[in-house]
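To keep things simple, chains are lettered A, B, C and D as they appear, and every chain counts its residues starting from 1.
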Amino acid sequence: MRIGMIGLGKMGGNMRERLRRAGHHVVGYDLDEDLRDVGSLEELLEAIDNDGLRVVWVMVPHGKPTRSTVEDLAELLTEGDLVIEGGNSKYTDDLELDALLAPKGIGYLDCGVSGGIWGLENGYGLMVGGRAEDVDKAMPIFDALRPEGPREEGFVHAGEVGAGHYAKMVHNGIEYGLMHAYAEGYELLAAKEIVKDVHGCFQAWSRGTVVRSWLLDLAVKALEEIPDLDGVSEYTTDSGEGRWTLEEGIDMAVPMPVLAAALFARFASRQENSPAMQMVAALRGQFGGHAVQM
Amino acid sequence: MRIGMIGLGKMGGNMRERLRRAGHHVVGYDLDEDLRDVGSLEELLEAIDNDGLRVVWVMVPHGKPTRSTVEDLAELLTEGDLVIEGGNSKYTDDLELDALLAPKGIGYLDCGVSGGIWGLENGYGLMVGGRAEDVDKAMPIFDALRPEGPREEGFVHAGEVGAGHYAKMVHNGIEYGLMHAYAEGYELLAAKEIVKDVHGCFQAWSRGTVVRSWLLDLAVKALEEIPDLDGVSEYTTDSGEGRWTLEEGIDMAVPMPVLAAALFARFASRQENSPAMQMVAALRGQFGGHAVQM
Amino acid sequence: MRIGMIGLGKMGGNMRERLRRAGHHVVGYDLDEDLRDVGSLEELLEAIDNDGLRVVWVMVPHGKPTRSTVEDLAELLTEGDLVIEGGNSKYTDDLELDALLAPKGIGYLDCGVSGGIWGLENGYGLMVGGRAEDVDKAMPIFDALRPEGPREEGFVHAGEVGAGHYAKMVHNGIEYGLMHAYAEGYELLAAKEIVKDVHGCFQAWSRGTVVRSWLLDLAVKALEEIPDLDGVSEYTTDSGEGRWTLEEGIDMAVPMPVLAAALFARFASRQENSPAMQMVAALRGQFGGHAVQM
Amino acid sequence: MRIGMIGLGKMGGNMRERLRRAGHHVVGYDLDEDLRDVGSLEELLEAIDNDGLRVVWVMVPHGKPTRSTVEDLAELLTEGDLVIEGGNSKYTDDLELDALLAPKGIGYLDCGVSGGIWGLENGYGLMVGGRAEDVDKAMPIFDALRPEGPREEGFVHAGEVGAGHYAKMVHNGIEYGLMHAYAEGYELLAAKEIVKDVHGCFQAWSRGTVVRSWLLDLAVKALEEIPDLDGVSEYTTDSGEGRWTLEEGIDMAVPMPVLAAALFARFASRQENSPAMQMVAALRGQFGGHAVQM
């Protein structure tokens, strides 16, 4: 199948490669001249005609870059063509992007993609939102990108437009919680005098235990590469999707204490001197006569 | 009334003073010769006889010092005398201490005391556990120590032996949560560009609002004394009673997320580099190709 | 001073009354003919001229009703007049409302009001955002509404437009945390066998303790009126400002675990069967052979 | 190798079977006559001599049953023999049990076992605490019980006596957090109108995503067996190890907000009417004039 890929960064570049390995004809466009196959969107669209069907995968930063790309495509594509937003758009953006294309008969799918740098070899987990007929058109692409094995173990048509990014957002929210659960356990094990082999404990959980997972395997690998995580900074950023998920929890009145805890710990990791704890320390000084450290 | 006071530190010394101002005859004993009125427990007991009733208030560090003091008193006191444990004993210790005295007919009361350095002038909030007849014997003492006003607004016979310290423990657990609630609000206000007078906001809450409290008044005072809390360290210790309260919550299957959050924030305030967040950072490095800061 | 008051519900009506008691001439307008003093906005404006200055206090539901009221006022008022938004608008709305009025030279203040049904007698805590010259114009109103005593203990000019509602929002966020801190302590005390007088414990904290507050007094009152809170439903709504505060925490990267816990507990109080806990129960059934209750 | 197995319940019985399949000669004892191979401990010990080495695996309920079993073994075994405590003892119990045996030269190992009902086929994850020479003696047993593959992926000598159960305890604490992370995500997805296939989303995460794990596979299975978890009760018990882990966190000053959240949610799942939320509802009634639902 002929496919246009806009955005050839770390993710987009790897996906182009995986699609090509599966026999698809992928034409890439990027602002970076060293990465791209063609010099303009127009050239790209000329090169990807499948008997009247043109499919463009958009893989640029979410927000303005994605919106302006889809606006350009709305001008250039025609009825029956298909845009797949594979970046990290918020699901509310999908509704707006679809509204740009639908009046012209151009299909829109949002596709949440998981797998990171491992996806090129292992395949990507794909969560798709949109209309069934558009999903059908793009299925050869999804089949090439997802991991080998049964389709339903690496792909889902999650629901209406936005549902793909929504599912990916929730996936990331879960990920925050999972990571922090392992992290808490790591800290407790590492703090306990009688425990002599923390790395060994994590590794011993790899096969027969309830907590085995891919993240556990990565934790084992990290402890192998950096014994005792010596010198690793606690400073941790957050990418936006954790925040969105928590905001959705608030909006939908769904209690999400685990996600909240994981997210707040990241916020705190970036503070040198917590203003809240300054206040607690100052209050203790007021009522208890505890000396306040300056 | 004649009263023996063992332990004349910051709290015990102030309480001796408040009792004396109320007209009681207080005889103090302490290991520190500069503080004490008499040189031995025996001398103390000789000096506090009230027509056959001797009442000793114990105000020494909890744990071993309190236990060994009560053991000594168990040898020296006789049937009908009364020991009041006014320190910070865990309620489970009260049961053991009472078991030392009860067989000899010596009464035991546990008394949780709140008020800190302000108690000398304002009076102390008192929570008492024990038998009703023992509470009656000691009522003149409690009336002198508690704040002026209706007795029930500064004193309670909370229940059986241990209930006084239990109520004080819960009081402290609540205190942790209250302090952190104000602290979170402080941090958010202080972070917001459009808010220009954070101290003024706290002060404006002093009279007409739902959040007015003594702790709020202390926060206002702290912000007056140290504008923007500049230079205050986030480092905050915890005294044990917050931990005990959370452990009780676990033991009684009572969800206590607010207390837990406040306690964990204190733990974190003492960590330079959170091992848990090191693990989160390392995991992100593994799956996302995010550079790990060293 | 002559003042227009739009919105004469529970809050607006009481505020009109308190202003009148202070000697102000308040003219009220409401959709409800039984409550209002005049039949139209035009009549209202005619009746409140202070030598060229007209001040209108808006006290209608936030969102559309507030916006449409301010749009009407933008048509009717002229340069130098003043609108005070005293309802529960989100601070972001204030920026939009001010933008409607500022081009015409009409002043805008946002005023967060705390005090609930007690404000009529006790006075209201007031947090104001806007320009200093507008604050000066309205000061007689604020002085009448706030509690007696020093102005700064019941009033603050918190900052720029929006800062008043922002401070009120944070106030409410703190309130959520405070309430839940007391509530956790209540549950633990009530669960403990040796504690016989939970109401008495709360009451004994009223004067000499670290946790004394107005909310504590209300808790004492509630326990007096409904012993053991027998028959009170756990079902608790949330008003929006708690959610906004938490969303701001997320947006500003301020950890707010106490507020989050309090808010999530309200969400959970409204669920008959938690879907999350259904999943936990189902998972336990899968790996442990634990029977799943249906 | 000849091995004695005391306790032939669900876990012990399966472990006997797995050891036998690996060619070991296992002699089992249980209070239940239908399950056991021999009628007394004495008979058991006679039947398991390996040229002077007798190894007994204890698999009875923790607390008193385990202690009394080890006390009996302390009388019957002799220098050089070995006891392996494979149940769910708290690590502090291990220190006491070892102290019963060490003076007589009898070895003691504590072994945390994960794997539940799946262990018979898949093998068990094993975490062992004790002296190296004792671990060496028992290695053929551990190799038979653990999953196939590299030893270190299903077995660890975690540290000193107690470290095995400590690691297992932390493993369970992590498990609580992981389960709740998935559960929160499930609830949010299930609540969102645009998402039409929640089961499909979970299943699509099985292979290529960051959140893939054995627990995820179980969640998929649960959603297959009980669509929408219809009729599953939220009521969830907790086994003790989650509580111990949180208590250790408190004791070691390690913040564990994720575990705490997961544990508290279980507590709450068993409450019909939360007393804490009754208090919050009553407080709202007091200050806001909100009607209190009865």
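Keep in mind that, in the parts below, a residue touches a chain if its C-beta (ideal position, glycine included) is under 8 Å from a C-beta of that chain, and two chains touch if they have at least 3 such contacts.
Just so it is clear, the model here is predicted, and its values are computed rather than measured.
Peer 1: Between chain pairs A-B and B-D, which one is joined by a greater number of C-beta pairs in contact?
Peer 2: Looking at A-B and B-D side by side, A-B shows more C-beta contacts.
Peer 1: Let me check something: if the centre of a chain is the mean of its CA atoms, which chain is farthest from subunit C?
Peer 2: Comparing chain centres, D lies farthest from subunit C.
Peer 1: Rounded to the nearest 5 degrees, what is the angle of the rotation relating the C-alpha atoms of subunit C to those of subunit D?
Peer 2: 180
Peer 1: Suppose each chain is reduced to the average of its Cα coordinates; what separation in Å results between subunit A and subunit B?
Peer 2: 48
Peer 1: In whole angstrom, what separates the CA-based centres of subunit A and subunit C?
Peer 2: Spacing between the chain centres: roughly 38 Å.
Peer 1: Return the distance between the CA-based centres of subunit B and subunit D, expressed in whole Å.
Peer 2: Measuring from centre to centre gives 38 Å for this pair.
Peer 1: Among the residues of subunit D, which are close enough to touch at least two other chains?
Peer 2: Touching at least two other chains: 116, 180, 182, 184, 187, 191, 210, 215, 254-257, 260-262, 264-265, 268, 274, 276, 287.
Peer 1: Taking the touch rule as given, give the residues of subunit B at its contact with subunit A in the complex, in rising order.
Peer 2: Residue list for subunit B touching subunit A: 10, 116-118, 179-180, 182-184, 186-187, 190-191, 215, 218-219, 221-223, 226, 229, 231-237, 257, 262, 265-266, 268-269, 273-290, 292-294.
Peer 1: Under the definition above, what is the set of subunit B residues touching subunit C in their complex?
Peer 2: Subunit B residues touching subunit C: 91, 114-116, 119, 122-127, 129, 146-147, 149, 152-163, 166-167, 170-178, 180-182, 184-185, 187-189, 191-192, 194-197, 200-201, 203-216, 245, 248-249, 252, 254-262, 264-265.
Peer 1: In the complex of these two chains, what residues of subunit D are touching subunit B?
Peer 2: 210, 243, 246-247, 250-251, 253-257, 260-261, 263-265, 267-268, 270, 274, 276, 287
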